[in-house]
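Two complexes follow with chain A in common, the first pairing it with chain B and the second with chain C.
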Partner chain A sequence: MATKKEKIKEFLAKFFRNHVLADDEDIFALGFVNSLLAMQLVGFVEKEFGITIEDDDLDFENFRTVNNIEALVGRKEAARVSA
Partner chain B sequence: MSMPETAPVATESPSQQAIKVLVWDLDNTLWDGTLLEGDDVRLRPGVQELLEILDKRGILQSIASKNDHGAAMAKLEELGVAEYFLYPQIHWSSKAASVEKIAKTINIGLDTVAFLDDQPFERDEVNHSFPMVLTLDANEVSALAGRKEFSPRFITDESALRRSMYQADERRNAAEGDFVGPQEDFLEDLEMKFILGPAQEEDLKRAEELTVRTHQLNTTGYTYSYDELAGFRDSEDHLLLVAGLDDRYGTYGKIGLALVEKGAQAWTIKLLLMSCRVMSRGVGTILLNHILHLAKEAGVKVRAEFLSNDRNRMMLITYKFGGFREIDRTGDLILFENDLERIQPFPSYVDVVVTG
Partner chain C sequence: MSVLEATPAAAGVEGICLGLTEEQRKSRAEFRAFAESEVAPYAGQWDRDARVPDELLEELKNRGYLAAPLAQEQGGRGMDAVTYGLLTAELGRACSSTRSLLTVHDMAVVALARWGKPPLKERYLPAMAEGSLLGAVALSEPNIGSAATQVETTARKVGEEYVLDGEKCWITFGQVADVFLLLAQLEGKPTAFWVPADAPGLKRYDNDLVMGTRAARLARLELSDCRIPGDHILGRQGFGFTYVLNYALDLGRYSVAWGSVGIAEACLEASLDYTSQRMQGGALLCEHQLVQRRLTDMIADSRAARLLCYRAGYLRQLGEPAAVQETKIAKYFASRAANRCANSAVQLHGANGTTDNYPVARYLRDAKVMEIIEGSTEIQQIIIPRVRPEEF
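Right, the complex of A and B next:
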């Protein structure tokens, strides 16, 4: 089964070519993030991992790297289990 | 959105909405006679004129007919009216399904659809499923252009272009469906040109229309009258920007608007909107980033107001991911601020042209 990181990377790979994204690479600094990717990325994370991204989670820091996205998903999943 | 509580008894439903799409039946409605019975069909009186008037007003038109698709399309071509119709539904399925499909494909609410058919059975069938559709008898053709539902509040230069813009979109969507590869390659393939600059006088009607019609890609939903917008255009303390988009399939028209209040220490974006026509074109941040660049040159910070309407989350994401931080909240109104440390470059797949 694909790990969270693999799934996130596979999704992001659709938006750019000739670039292998490192886990800690800043996708905003690469200039890859347009409004379309941002919206689709939020939608993807919600749907793929079955979590709800609240307005307060919409900090670009949470979506800046593959590692950060994975951490956000982990936090939301933990919150869901304990709730 | 207003919907009637009970199914109407008459053929007309109490539609409050302006009609955006008129769906035509063919036999004994658009033309006299029955095509498949071998009649030499001709357009009914007043039909040609109505097609032209509605087209100029920016009201889209389509077809729901139980007929042979090939024969009917050939006849429409022969009569010289085929070009008026978007997504014609000519087959033997129910007309309610056809009307629903048209509304869905064009992406408008069923309460803005009217259906014209000579047969009460067909009108009832549509109204049974969708009471919010305005159903009309074919004998109303001559009076239709005078009805208030068919008299839009705004008729702009773009109204007459609306059909051709949707047709360009039809070709674009087909191309996108066929395209294999990264999204960015497809966007590059469109050869988009984004033109932005201060609003000109001839942009103001369209600007007013955009503030009223745009809900999803709209940061605050503030509406401004023509006169107010004209005032902002002349004001030293405001910046009123308009953006247009073209690509290899045609023009999308004027699709973006921004109003900035220029203070000495900070500029405040009161309104930033984009038409949903350009929803998946990856051009949403160009106007915003242009404002950020201008402010940086002027040595001021940028603030932005945001008012949620449940449908404009994409604009919240645009601000949040664009480096804006919340600095104040009054009720539902959020005030953001951007320190301009990080401004995204314009995307490589769009040719951005800044005017005057």
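Right, the complex of A and C next:
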């Protein structure tokens, strides 16, 4: 089964043609991020991991790298379990 | 049970489902009956009057056509994306101004539902869901249109309030809206606000008259030291365009795409009728081969536009992230197809087509607007190829 990280990378790969994304690479610095990607990324993590991105999660840091996205998903999942 | 539930593999995973459920068919028949009897016969007059009547707004509310896509648990009707598309297309076919009321109200509602803080939602959502309060979207300004993140309207926090200064224009149904989803710069960062029409410091005026959707009661807003409560912010500072407005615009594009299908099909129908009745050169117009060619292009264009909208609709129902891009593609194609069809419809009607005695001149004016709003054709051309389209 694909790990969270693999799923995130697979999704992002669609946007970063011919570029292998490192886990800690700043996707904003790559210059590809536009509103289409930003929206699809939120839609992707919500659907794929069954979480809801809320107001407070809207922080570029949360979406800056594959690692950060994975951490955000982990935190949301943990919060859901403890809720 | 819906087709989607019954046959998930055939229905959605491939991104294409060519059948409507029994319920969707029934809904479409209901929408068409309403649009044909209560809207289409008067649309020309409303266009000349430059206003849809208040009774129509009331009727749309009573029928539950406002805020229809809002989830049931949030007080909406929870209409599925395809059925919503069918509603939009049927209204769009009858009267683009009427369709545009649903577009902007629903955009404001879904943005509030998604990004509003709980107290703001509790206060506004029930009335917006019911349609007793009307919403509109205030993004554009005299100097800023396509480059929306660069709006010049400013917001600053003063005590417990936000204070807004600036000007907005082209606001569809802004003359009658009770509240505006509005974008302003908060400390230089695009941020979305929820601005009641009666907020102190907000003045509204009728907008310059536009060529299409003329009855949509457009307004210009002046905000001068306009004060709103501190919880009337949607999303966080700096995320107002990318997430909040874009979330609304995604629905807006879907609505405009389907509305364009409505225009294209109305043009086709009017042209099939006209060319099968009018004789020229000893034959009906539709017997001339060059006329047949135009009709064929109209049929193909309106079919293709509808299919792209269905595809976007099914992907939306499945919650696929790619639905955002597919919706853009549908909007891009359908708005251009509507223009081609409307152009042909006027051409096929000859001089009659240029008068108010036939609806096709209105369709042409309305179609033009569809290529400008919710991201113009050029903006879609810039954005769509940025993402490799997913294969389904």
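By definition in this document, the second predicted complex is superposed on the first by the 83 of 83 C-alpha atoms of A that agree within 3 Å, B and C clash if a C-alpha of one lies under 4 Å from a C-alpha of the other, contacts with A are read in each partner's own complex, and residues count from 1 in each chain.
Just so it is clear, contacts are C-beta pairs under 8 Å (C-beta built on N, C-alpha and C of every residue); 3 or more make two chains touch, one makes a residue touch a chain.
Given the structure is predicted, the values throughout are model-derived calculations rather than measurements.
Of the two partner chains placed around the shared chain by superposition, chain B and chain C are both touched by A:Phe15. In the superposed model, A:Phe63 lies in contact with chain B only, and not with chain C.
Residue contacts after overlaying the shared chain place A:Asp55 against chain B and chain C alike.
Once chain A of one complex is fitted onto chain A of the other, the partner contacts of A:Phe44 are limited to chain C, with no touch recorded for chain B.
When the two structures are aligned on the shared chain, A:Val73 is found in touch with neither chain B nor chain C.
According to the touch criterion, the shared surface of chain A, contacted by chain B in one complex and chain C in the other, consists of residues 14-15, 17, 34-39, 42, 55, 58-59. Within the complex formed with chain C, the chain A residues making contact are 11, 14-15, 17, 32, 34-44, 46-47, 55-56, 58-59.
Touching chain B in their complex are the following residues of chain A: 13-17, 28, 31, 33-39, 42, 55, 58-60, 63.
Per the touch definition, chain B reaches chain A in the complex via residues 181-185, 280-285, 314, 316-318, 320-323, 342, 344-345, 347.
Here chain C touches chain A in the complex through residues 115, 117, 235-236, 239, 241-243, 246-247, 250, 319-325, 328, 383, 386-388, 390, going by the rule given at the top.
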